[in-house]
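You will see subunit A twice below: alongside subunit B first, and alongside subunit C after that.
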Partner chain A sequence: MSKLLEIDQFTLHFPGRGALLNEVSLHVDDGEAVALVGESGSGKSLTTRAALGLFPETSRLSGSVKVQGLDTTSAPAAKLLQLRRNRASMIFQDPRAGINPVRTVGDFLTETLVRWRGLSREESVERAITQLEQVGLRRTKEMMRQYPHQLSGGMLQRVMIAAALLDSPELLLCDEPTTALDVTTQAGILELLREQQQARAMGMLFITHDLNLAASLCDRVYVLRKGEVVEHGAACDVFLSPQADYTRQLVGATPRIELDKVPTAPAADGTMPLLSVKGLGRRYELPGGEMLTALNDATFTLAPGGSLGVVGESGSGKSTLARMIVALETADEGELAINGRVRAPRPLRARERKLLAKDVQIVFQDPYLSLDPRIAVGKAVADVFRLHQGQGRADAVQSARELLERVGIGPERFESKPRALSGGQRQRVAIAKALAARPKLLVLDEATSALDVSVQAQVLELVEEVREQLGLTILFVTHDLAVVSRLCAELLVLQQGQIVEQGPTAKILSAPTSDYTRTLLDSRPRALWEEQPA
Partner chain B sequence: MAVTQLAAPPAPPTPATKKSPTAAPLALVLRRVGTLLITLFFASLIVFFSRFVLPGDPARFLLRGRSPKPEALAEITKQFGLDKPPIEQYFTWIGGILHGDWGRSLTYRQSVSDVLLNRLPVTLELVALAAVFITGLGLIAGMLASLNKGGWDRFILITVTAAGAIPPFVAAIVLTALFAVQLGWFPSFGSGDEGPSRLWHLTLPALALGVTFIAFMARVTRSSMNEQLTREHVEVATSRGLTRSSVVFRHVLRNALGPILTVSGVLIAGLLVSSAIVEQTFGLTGIGQLLVQSIDRLDFAVVQAIVMIIVTAFVLANTVVDLIQPLIDPRIAAGTESR
Partner chain C sequence: MTLTGTLPLLRTHRYGSLLSVTGWVAVTVTLVVVLLSLLAPVLAPYDPDFVDLSSVLGGPSSAHLLGTDALGRDMLSRLMFGGRTSLVGPLIVVAASTVLGLLLGLAAGWTDGWISRILTRVFDLLFAFPALLLAMLAIAIFGKGLIAPILAMTISYIPYVARLTQQLVVAERSRPYVQAYRVLGFRTPWVVLGRVMPNLVPTVGAQSTLNFGYVLADLAALSFIGLGIQPPTSDWGAMIEEARGALLGGHVLPAFLPALVVVLIVVSINVIGEELSDRIGGKLS
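Moving on to the complex of A and B:
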């Protein structure tokens, strides 16, 4: 077997700053699937792009990156073009950002064919249509004339894969190709990639932050941390008996469904439910005049001290539900009561909103967007104390200090602006801000989805901790069943605005009654060695 | 096996997404044209009635230098319909415009249409030539700055910032001094005859008129392209082996056109207004010069007509821009808007 991609002692840095990649060495053989696992900022994207000769401007390089013997760090531009055109293709993370939104899908697919494959327009269209069908798309003729915004994310990713395959590459580079997709869509894409990789005997380098994904697709794994390879070996070995501390930590932080660790609901003692929802519905009018039912006839209750997970894919109505609970949206029908107080069916007035905010707080998905970039984090939290607890300036600052300390933000960070903090720290601040109102119900809307696995694990731990200490009631909205299994005693599964299943988490996960829940469970990536029992 | 079934993607476009592209264009055009008409109506109200706010009696002005005999004054007032109530005057005026009659000029003693028709070609040619310079030079400067980081970018940015601060009349004087007086390449005065001579005569005025806008256009092009250059689809295009020029023209410039076009729409009005100064400086007999003279002589019929033309040109240009936008970015037509 010859080495298709061979990266040797590759170092990349910007003048005056530390190395982003430090003596990275890895190789991919012909027809082999290799995973490169790492968290954000580990340099995995830089490594893959290097294989195509895509280096950031003004960066300094040393070492070598060879694709079939061609060193991309020193190759002339013409050779690089040939490499990109004929031998290596890349599939990017977000197909919606990766395909030019103002050009048609057909244009995207055929632009390479008509330019240097010497095909006529008709021939390339034909070729593209065949390729689209091969990646499992239907109505391909119409699709060629459509624009990216008219297709779903999963379909677009298939288009992106089709475009990569059109060049019949020997090396396929995948940069987190399923991160922007739903679990069930992800399962389909992974299957397609595996299928094509084996059918065409392509070498594949698959980047991901998710060990489960790596294990489900690749034979060998490299673990990258802060620009250095900390461990490599057979996927099975790395996963089951990690050697490096970091890998061990990563494996430990990777969420898994462990039924015996699912929390149990507090015994029903006949008290009034904290949150009670009856026949709740919300509709939106689409630009075409059509009505979209975001949520239909949702009915459930949540007892004080309970924890409810709301699981569904994008468009299932889970965020709409969360937003209605905190009164960011108004229900079109049904009844929503918190602490026995029934919500008026209209947008709340400022005074009512303030009153509600004392009981219910929300933490959003992206802490980069949900914190004001101009306000120091300490002041942000102190402001909540002043608003909701009526504390004076000095008292509020003191309370904020204590609370931030408790969520793991030291006093030295008190004056920092959000941009000086990491993603995990920002989410801690966002949680502290929510807790400062001393709410009874904390709504977490995909609060850990934007975070790295290790950070996600820490934030989940924090949520568990404050729930126990403060007796909080938790409503956790997520797409990840494993996260729910760890945090929530009760579970509610949403599909296209309908509740398809609800009940104790352990029961639903061990014996799902609805097809959809079963599909969700089956779609979770499974390690290769588990699929083929010896 | 459940996975394989899921692998079949959901049925493509739901009726909702399929419906909009066919129904949208006509509705969009009608809505824009409706907005256009309403805007013009309100503009006409403001243009017409603003004269009653201004001091000065046009009839009295006509008789300047002579002893204003009350009878003569009354007769002229009556002849130009100035004795009727303002509302009635407005309807006479607007009704006339709809029939192509813009009223009579007080100073020239002929119909406003005739006066304007003599002048309009020069101004239109001037503005058109300036527009060519603006798009040509502005786009090229912006693209060069955006694609050549470092020295070139800084040089163009500084030049453009300096040029943007030059008022048209200063630019006119500098250009005349340099190219007409010193080098003698271009004439410094007059609009010449039809054809090449006209073009030759209008080059300096068009440059003087355009210099601020060239700077503006260069800046917008530069920032709009810079924004697109960082987009992932540009990286994807590069990774597929497209040449630099293919990437720039197909994926950067094409996507950057939206903001550039929006700015162009706004520029039109600025060009027409600035043309007054430039025409005055270069002695061109266009409507800009006419506007200045007519205000001076309280020739309201002419002033109103010119202002209406400028307003119409402005609104029309922006409507056209709005209508072209969906062709450049199909997401706007679908109502999902760019982001």
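Moving on to the complex of A and C:
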């Protein structure tokens, strides 16, 4: 078998700094699907870009990166252009970033055909339409005249795949192509990629941070860590009996649904629910004057000490619900009561907000934006103690120090600004800040979805720990059923603003009653060696 | 916010340093000019207003390093003392417009209702008025001198600061960290003035640095057309105006030197302002 892509002892570094890639060796054969798995900063994107001869400026290279024998580290620009035009294509994570927003899909697809293939306008349009149909899109003639913003993320990613396939490439490089998509959309894209890869016998290098994804698509896997390949081999060997410590840790941290590990709700003892939501609804006016129902007639209760997972895809209203609970938004209809106090249906006054703060706190998704960039983490937490516990400066600093240590931030970090912390550490500080108000209910809005899997596992552990120790009630908003299954005894599934299913997590996961929940469950990527759903 | 662009060939950033080589040259030029102006009473070789009709329009010599003007006054001394008036005006304007612009911008950006709408319209209105026109209007009402132009310039430069602040605040208040402050129950004035405003100061400061250059040029222009500083007080703009007659007689230096100083300082400050806002913009994103 010939080697389609062969990377040999490839090292990339910047003068004066350490190597970003260190003697990476990997290969992709003709018609083979290979996964490159790693967390952020592991160098997986750099490796893929190298295959197209795209190197960061001022970087120093050694070793070789050969595509069908052409070494991209030394090839002349003209040869590289030819490679990118005819033999290798790439699909990126964010389809919207890769397409000109002011030109139509048709312009985008036909441009290269007209310019580089010398096809006539009509031929190009025909080719483009055929290609769009091949990637499973419908109403393709109309779509050719549409603009990117008129398409959903999933549709646009299909357009990008169509564009990549137009060149009939022998090598397809996929850089986290489904990370920005909903799980049901992701399932469709993965199937399309698998189908096209097999039908065309393309070589594919699939980059992902998600082991499940890699296993569902690829025969062989390379695990990359800090610029070094720590393990490689057949996918099922690597995942079922990992050799390297890091791979073992990664496999262990990857969330999966294990029904016997789902927490169970404490028996209902008739106490007043901590959170009670009745017929809650929220509508937005769209620019055209149309009304969008973000949440409709939501009714549920959450007992003190309980843990509720709110699961849904983008646009399901799950974040709107979270924001209404912490009064960042006001409900249009329905009733919301926390601790028996019914919320007034208007923006809160300063005094009411301060009272509410002692009942409920929230941790947001993005660890890079959730902390004030200018304030040292110790001071940030101490400020909350001063406001809510009425402590003096010295006491507040002492309390902050203890709390931060409890969430795993050592005293040496006390004076650090957020930018000096990693994503996981920032999220720990955000949790500490919320806990400093001593709330009864903690809302976590996708609080771990921006983190690497191993970091996510640690932060989830922390949440579990403080929940038990402090007797906190948790409301966890997420798109990830596996995360919820570990943390939440109860589950609520949202679809386009409607609650489609609610009840004990174990029951819903083992025997879902709504079609949508079943679709969500089935859309989770499954390893190739596991039984595929019928 | 569009800012005027520097030439691409002036961009010679080196990794890690705050400013490029060009930037440091600009800082040096600015510092030298400011220091010479500040220390004029000590360093200047002559009284700037001392008239010596025996050495009228003399070229550079050992007695007068940069020559003399039509009244035989020492050019170097006049330039140094002129800097004091020429730099003080912009300094007051920039300080006042920054403080007021920040506060108005915060008010316009934080609120959603009628306050925000009215302020935004006022900014628009002020933008429509050229600063120089407003200054002339103020001079017509309050009379010539330094006070009227400074007042008018301050008012016309407020919207530059205020609108930038408003845009920044609108972006900032939807950030999770600001929302976290709200959920934590901190009071709005504390959040806005104590936490959000300090985060905007670097960006707004860069804009104000740019403004300094424009104000200086504007005030010099006012003096040049005889509406600003009145003779015999030395001022760069006024010096150019006074040297017009000499220029027609073929004596270039008396007009050229103050013009050169104005250009040097305005370009330098622009370069510094540009680079600062570039650096800060890069760091924030």
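Note that in this section the second predicted complex is superposed on the first by the 531 of 534 C-alpha atoms of A that agree within 3 Å, B and C clash if a C-alpha of one lies under 4 Å from a C-alpha of the other, contacts with A are read in each partner's own complex, and residues count from 1 in each chain.
Keep in mind that, in the parts below, a residue touches a chain if its C-beta (ideal position, glycine included) is under 8 Å from a C-beta of that chain, and two chains touch if they have at least 3 such contacts.
From a predicted model like this one, the values you see are computed outputs, not experimental measurements.
Shared-chain residue A:Ala50: touches no atom of subunit B or subunit C. Once the two complexes are laid over each other on the shared chain, residue contacts for A:Arg374 go to subunit C alone; subunit B is not touched. Of the two partner chains, subunit B is the only one touched by A:Met90; subunit C is not.
Judged by the touch definition given at the top, the superposed model places A:Glu191 against subunit B, while subunit C stays out of reach. In the superposition on chain A, A:Gly98 makes contact with subunit B only, while subunit C stays out of contact range. By the touch criterion stated above, A:Leu250 is placed in contact with neither subunit B nor subunit C. A count of residues in subunit A touched by subunit B and by subunit C gives the higher number to B. In the superposition on chain A, contact of A:Val221 is made with neither subunit B nor subunit C.
Residue contacts after overlaying the shared chain place A:Met143 against subunit B, while subunit C stays out of touching range. Shared contact residues on subunit A (touching subunit B in one structure, subunit C in the other): none found. The touching residues of subunit C, when paired with subunit A in their complex, are 175-177, 179-188, 195, 198-199. Against subunit C, in their complex, subunit A makes its touches with residues 326-328, 350, 353-358, 360-362, 364-366, 369-375, 383-384, 387-388, 430, 433-434, 437. Of all residues in subunit A, only 49, 52, 54, 57, 81-86, 89-90, 92-94, 97-103, 111-112, 115-116, 136-139, 142-143, 146-147, 149-152, 154-155, 158, 160, 163, 167, 184-185, 187-188, 191-192, 286-288, 290, 292, 518-519, 522-523 touch subunit B in the complex they form. Across the complex, subunit A is touched by residues 2-4, 6-13, 15-17, 19-20, 23, 149, 231-233, 235-243, 246, 250-251, 254-255, 328-331, 334-336, 338 of subunit B.
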